[in-house]
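The structures come next, written out as structure tokens.
The following pair of complexes shares a single chain, chain A, combined with chain B in the former and chain C in the latter.
Let's look at the complex of A and B:
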């Protein structure tokens, strides 16, 4: 969890917002630090977290999590974190037995709907009724990242439907949050990915977009973060609805500063 | 801008983008229709009923019939196709004038063939129970689709409203494509209040840029400068009369054409120091020239 990002978004683990879909985008840079931020943020906020990790292994997220002050193994053991490891499941689908039930079975099937993945999320986050879920504040679904599903052969519309079902269940029914990362492949002219990103943008209430600098790589400024809040069209709200900051990723934190005001150049 | 609600039998296309969302404008227009006492059918595909009704007053909400396909878009929990419910929206409506708000056409375009959607929209305007009295307000996310489907829907629309923004204010460009006549395009500046009433700004507010943050006292940037930014009249004249070294003048031309004249008038004096070492030998003696 990066306190500076919390300040920019005006949230804290004590008073997190509820019922929101946050879209994370990255273009010409790696937006993974945003995923790590939200994972540690919601674990510290005492929320029940279902993490659909398609990009990296559990140990990767755990190592980064430890740097940010959360222990994923402990969180998983006490039932706060439900971790779906996409890398393992993919291998099991391809090399395991066909009869074995698998959440990613859509890879093998011709119909590429993500119903099984949605059912996994629904089962993970719906309170079981035995009283164990009452200690958590509210459920959160975190997906890293949706572009991997496109690479696995899922259609963009199926991914949109999956997120819509998750929003209906997590945001509306359970009053929780959904956070998902998607890559912006503007350079590659991938129409499916561009369509997915724009359509998800229309569903979201907050968009955090990490972009590489147009001037190229820089040692002291790693990129810029654009914060776009979507909502009522009120006058003079331009100054608050869209903000751009530059950032530098450090070992255990990320520092944000106004454009052109990096401590290295002042 | 509200005259777009005056005509009937029309498809009004509300085009928005990720930066400038159009759902608020759709809700504001629905509120205007409901204020006239009309019932509004809403086909909700992208947000839940609670979220859509949020912020609208109870009077508007009572006239709003929400058809929810948000919760089950694929019929995973048992349902039907998306275009079926689009047609079914009007079946339960009161006879007489009727408004159907579609949130959004983009969702329908992604889930149904473009031609089938266009045919269904066309058929809605000629509905038997509401002949010529159905008004369709369709929200369309223009950055989600390619030019083909966009063009098809635009050709069906009688009015297009494009939501955008400038200088912190929201604009709506209303475009009436009129075959055989000159099409009309107008831009309105507006904002939407929390109760979804529209507030129009009559004149385009071009220069006032909203202040960022609390107003800071203005600082005179030229107060402590160590150099002059402006010249006085006298200084300016002096500068104008000064001949710059690279300017080619007739005097310079003369001096270049007659270099001998210049050299004959000048002499070089050399006084060696007392301690200078003077070598009497000819340095080129060994060259054997």
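Let's look at the complex of A and C:
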């Protein structure tokens, strides 16, 4: 959790917003730090988190999480975190025994939908009826990232269906949050990705867009973050507001500052 | 450097993806040819080129994939491929070589010979700063316990140094190659008949290769499945010309290929296999043949480290005077951020390589367009010309200073166009300060309204 980003977004772990869909996108840079931020933020806010990690291993998030102050192993053991490791499951699906539950069976078949993945998420986040003592605030679904699903042969429409189902269950029914990361390659001809990004952008209430600087690489400013709030339910009071900040990533945190006011320049 | 051999650094070394396997708290004894990264304790192996290691942040992390985007005639990318394999033999790692074009046995016969320290000094010029030095023969005052340990030799097969230099004009000796442990995958031998049904919705060749890699990893214990096994070792996987039509893939042939997801699915499963084992992989892909740019960007996103090579052979840059000493450009497109928020990306972006006196060197070269166009156009305008690769892609900070000088001169230029009543008084050296505020402060008082809107009476 980056305290400066919390201030910019006007949220805190004590009173997080509910029922929101946040879209994270990155263009020409790596937006993974936003995923780490939201993971540690919701764990500190005492929410039940289902993390679908498709591109990196568990230990990667664990080590970064320790720098940010959360212990993923402990969270997984006490049931607060349900971690789905895409890479490990893929290897098990393809090379393991066939009786294992195949959440990722779309890897094996050429055209399939993400229904099994959705059922996994639903089972993880729906509160079980056994009356366990620990109660979490609300469920959160984190996906890192959705562009990988397009590379694996899933159609963009199937990914949109999956997000729609998840939003219906998590945001509306369980009053939780959904956060998803999509890579934006606006200069290349990836039409499916562009369609996915546009559609998700219209469904989201908060868009965080990490971009590289237009002028190229800089050692002190690693990129630019655009925060776009979209008012969905109150058309007259909350209009679309957009804020732009520049950031620099450090070992344990990310510092944000207004454009052109990097501490290296002042 | 003695600190690297003590326990405190080794304790931080953790194999990525070994959260469940490997046993918590068990110390990983140092494997030959690896070293922990100074930044995040990640285990690194050398890519075979010390210059490239430096640009990649110290080396290639174990469990990751290095993608080389081939140059047009596949000369220098195959050279880097061979450096990677030769480094594996010298460090004693196990190799897995896969190719669809030439027999992996032939590839191994063409590996360059490693240079010993004294030969290396003879080959290079004097004054190179990063020569390897011999251990001084003085008695150690602080690390006196290490005084009596045997010196480390630089011979092949027993070398525990990180990163070696190779002589491209000579071949590696036969007995060194025979002593190496390696597995081969030659596609025409593995596929004897074409199956009608594609399993896993993957190309038949790719499926076979994945099964082969997985079998080697699990049987040889690279994924930690045999804890009682002797010393752990690294598996170096090299796959040549992946995505080319010889593998049965058509992404290089058509603009809208039929099996667009074959290679990306392969890369995803390969990533899963690498993350759960002690291995490092290099693949070369003929990206210049892929017409669909979406596929190129997807391939880059699925790889960890991406290096692109662009050779000057047959291109218009060959005649350029700035590039006359070099053989091509090298672009570091992507470096992974593993186990940390930051990555060790180097500041220099305009890099060129040359194969000089049997050694491959990488150096910084100033972007050429700026130097050339400055002779034709007024100073500062060259910033607006479309510059390949440098300003808009991976440019360096020096270009923003051109923007400032350009803006300063533009206002002077434009205002001179507007006020055509009286010529500019040359009251001084004619530098920027004079022309940027014409007619304002002639004798300490403001004469007239400045800038573009000043209409002369």
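Here, the second predicted complex is superposed on the first by the 250 of 266 C-alpha atoms of A that agree within 3 Å, B and C clash if a C-alpha of one lies under 4 Å from a C-alpha of the other, contacts with A are read in each partner's own complex, and residues count from 1 in each chain.
In this section, a residue touches a chain if its C-beta (ideal position, glycine included) is under 8 Å from a C-beta of that chain, and two chains touch if they have at least 3 such contacts.
Everything numeric in this text was worked out from a predicted model, so none of it was measured.
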{"item": "Touching partner for A:228 - first (chain B), second (chain C), both, neither", "value": "first"}
{"item": "Which superposed partner A:71 touches (first chain B, second chain C, both, neither)", "value": "neither"}
{"item": "Superposed model, chain A: greater residue contact from chain B or chain C", "value": "C"}
{"item": "Touching partner for A:207 - first (chain B), second (chain C), both, neither", "value": "first"}
{"item": "Contacts of A:189 with chain B and chain C, given as first, second, both or neither", "value": "second"}
{"item": "First (chain B), second (chain C), both or neither touched by A:57", "value": "second"}
{"item": "Which superposed partner A:215 touches (first chain B, second chain C, both, neither)", "value": "second"}
{"item": "First, second, both or neither for A:95, with chain B first and chain C second", "value": "second"}
{"item": "Partner chain in contact with A:250 - chain B first, chain C second, else both or neither", "value": "second"}
{"item": "Common interface positions of chain A, toward chain B and toward chain C", "value": "191"}
{"item": "Chain A residues within the chain B interface of the complex", "value": "113, 115, 118, 157, 160-161, 164-165, 168, 171-172, 191, 195, 198-199, 201-203, 207, 228, 230-239, 242"}
{"item": "Chain C-facing residues of chain A, complex", "value": "30, 32-33, 36, 55-60, 62-64, 67, 73, 86-88, 90-91, 94-95, 107-110, 147-148, 150-153, 183, 185, 188-193, 214-219, 249-252, 254"}
{"item": "Complex contacts: residues of chain C adjacent to chain A", "value": "14, 16-19, 40, 198-201, 210-211, 214, 261, 264-265, 268-269, 271-273, 275-276, 292-294, 296-298, 301-302, 337-342, 345, 347, 349, 390-397, 399-400, 403"}
{"item": "Chain B residues within the chain A interface of the complex", "value": "16, 18-21, 24-25, 46, 48, 50-51, 70-74, 76, 104, 106, 110-111, 141, 143-146, 163, 165, 167-170, 190-194, 199, 201, 210, 212-213"}
